[in-house]
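Each remark here refers to the structure printed beneath this line.
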Amino acid sequence: MAMPLPVLEELKSLLEAALPGVRTELVPNGPVPAQASLRVAPTDADAAARFLRDDPRLRLDTCSNVTGIDWPDREEKTTSKAIVDGVEKETVEIRRVPGYLEVVYHLYSVSLKHGPVILRQRTANRGDDCTVASLTPVWRGCEFQEREVYDLFGVRFAGHPDLRRILMWEGFLDHPMRRDYVAPDDHEYEPTPHDEVLALAKAHYPAPEAKP
Amino acid sequence: MIGIGIAKGLVQTARNLLGTYTDKDRLPTIEYPEERQALTEATRQFPFLVHDGDDPAKGLRCVACQICEKECPPKCIYIVKSRDKRVDYKGQMQFYPATFDIDYSVCMSCQICVEVCPFESIKMDTEFEFSTADRFRGLLFDKHRLAKSDAHYHRIHPTDAAESDAVMAAERAKAEAKAKADAEAKAKAAAAKLAPTPAASPEAQMEAPKPGSDTPTMPM
Amino acid sequence: MNRPTPESFVVRPRVDHEGTELEGDMLEVSMGPQHPSTHGVFRMDVVLDGETVVKLKPVFGYLHRNHEKIAEGTSYLGSMPYTDRLDYFCSLTNNWAYALAVERLAGLQVPERAEYIRVITAELTRLQNHVGLCGFLLQDMGALGTPLMWAFRQREKVLDLFESLTGARMMCNYMRFGGCRCDLPAGWLEQARTVVADFPAFLREFETLLSGNEILMARTQGVGRLSPELAVAGSVTGPMLRASGVDYDVRKVDRYGIYDRFEFRVPLGDHGDVYDRYMIRVLEMHESLAILRQALKGIPGGPVIDPKAKLRGFRPKPGESYGRIEGPKGELGFYLVSDGGPNPYRYRIRPPSFINLTLLEDMCLGRSIADAVIILGSVDIVLGEVDR
């Protein structure tokens, strides 16, 4: 019953042969090579997902896990050495790499008992264009998990039947799992005993003075 | 026939009811404050600081390395390192905690502070009745309230305490051996220095340890 | 996926015995978060037509503390005690799933004795979770007290074992990356063998009390049916999935740890209703006992932790890993992304009881409100894990 899953390179060529025009990218994974993943463009995600679900060799009929990952903007430093006027000079070039949000799907086949195949989608940026394709129409199990990714990361899923906040309340503005999220300090909350007690402790024991 | 399943269940319940009068296994509850369950040796509630000897102010094993403060997942430990040093159980000059507070209202009894402590100085207590009306100050334990004797530790966790004694004895032996070797090496170096030039500098003579005093005294 | 709409379950217009149409408004009920049948702070927005559920929307987040964000600011080891608090009934399986993901990421090997200890503690966890769930489910059906207290009486014996091994009854924090925190105390295996030997007698009693009970059958059979196709598409896992007749057990499929060494069967249901979900759990307890008997017999000596494992300063190489185990509630997975630092860059839990709730509405539509309560009970949720 259990059928070996084609290796990811094979799977990629299968997918690209079946769906002309769909481009995928292999994302290697150093420590766990068996869990490398396949990145698809949001426009192709639905077709690719349907292929993975319906192809008789793959039959990835359950989407086990949906995860968001935030990759904020970062600066990449490239140092280049050039010999100018006989003197070696180092020029540091700082390039701004725009960040993006990533959604990772872990797919398993219950009927053929293999997996995981890991599918990734990326948003264009972290600001105004955070849209990826929803895979809830393909796998019903993504419904709450995609809502969670929307709630905590702010990824919009085009085609989701019921895209609302799920863990935070309606009317909450920010997305707390983003790396640059700053917890608000102006809302009403009960002081945690921790902060209170540490403040007390610090007041109670002033920093010890240097002994002569 | 409908009802047989229910009747069987009722017979079972009746057996259980009658069984509670004869079988301790069927009535396992105890009347808590008067009767108490024996705690197992592994039981952990909240951390305490172990001190050797009778005086907690002098015998604390803690050297304020602040590893537990850093590793504590809910960050409930607050340590201020002393400015001066004193002799620790290994016989070395060490810092000690000027302040050592644990907020029991935040502590989640995970025992990670105990695992990461390299000095066998913080251990888990088995006491759990700390209810208080003041949830802020009443559950902030300072080092005087946290300090408990090694004998207490031996009483609540005999196996662990024996193990940690063995670890400490081994470390002490190592420290002694190292001190001895250092002293010998120094003496040798000093002797080697002294031999070719009889008029050695007074500093070198002062640095060379006197024989017999190279083993530090135990603070225990 | 064609999903049922509220309209398809509206039973109006109703006609009384004289043939006149009865009119009535839909009733919107907010069940929870303080409702005793919701197993914690869970809320359902239910729209009722008479007593029939025509719409049901689960509302989450009352226990949300963003555990995943906390874990991003804590060391790998520091997240271990927090995993205890996800599904506080099954801290040892939570520990295992997290340890498995980290071990995969860091390439640590687990010594054989530790693998046996993990299997033993995980199966004990499954026993006490299922026995507790059976009690709670009966409580939801109105069998107040007796079944729950009987279940808890037996559960306490397993918790006693946990206490003498790990020091805590529920928040065990026992497993470490590359093994377990400490070795078994003297006499523990004997104690465990006694508990395992006594358990079947209890199960027999429990089954005499309940499984043939006509009231229980009338209340649960045919209620909350879930078809195998929908269950698979909805990512339902664990006893819920197997009650629908899908043969899928991560212990058999992934063969993580040393589960390939033990002989056990995977019980399957035929109807996918609440009664099947109850019976699957009872049968799984029998299989867990079989595994336990084999493991307690074959446990070897040796170390319990990989000597390469580091407690402090643990920094796995950059990359990602997904580790999953068959928890008592379903597939429990941990997805970790490392950037080479001491804290995980991304730490995600795949919570089985949260994802099993995806199909709650589908199961409840067209049933009465009292059935919705037991359907929720049969899903077996713990809010610490649902809201994280």
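The first chain written gets the first letter, and so on, giving A, B and C; residue counts start at 1 in each chain.
Keep in mind that, in the parts below, a residue touches a chain if its C-beta (ideal position, glycine included) is under 8 Å from a C-beta of that chain, and two chains touch if they have at least 3 such contacts.
Keep in mind that this is a model prediction, so the values were computed, not measured.
Distance from each chain's C-alpha mean to the overall C-alpha mean is smallest for C. The interface with the largest number of contacting C-beta pairs joins chains A-C. With centres computed as the average of Cα coordinates, no chain lies farther from subunit B than A. If you average the Cα atoms of subunit B and of subunit C, the two centres end up 36 Å apart. The centroid of the Cα atoms in subunit A and the matching centroid in subunit B are 42 Å apart. Per-chain Cα centroids separate subunit A from subunit C by 26 Å. Across the complex, subunit C meets subunit B through its residues 74-75, 77-82, 84-85, 146, 150, 153, 156, 160, 163-168, 171, 173, 181-182, 185, 205, 208-217, 311-312. Interface of subunit B with subunit C (complex): residues 2-6, 8-9, 12-13, 16, 26, 28, 40-44, 67, 71-73, 108-112, 115-116, 124, 159.
Within the complex formed with subunit C, the subunit A residues making contact are 2, 29-32, 35, 61-65, 67, 69-70, 104, 106, 110-111, 113, 116, 118, 137, 139-145, 152, 161, 166-169, 176-177, 181.
In the complex of the two chains, the subunit C residues touching subunit A come out as 1, 3, 60-61, 64, 66, 68-69, 104-107, 230, 232-237, 241, 246, 248, 253, 316-322, 324, 331, 333, 335, 337-338, 345-346, 348, 350, 354-355, 357-359, 387-388.
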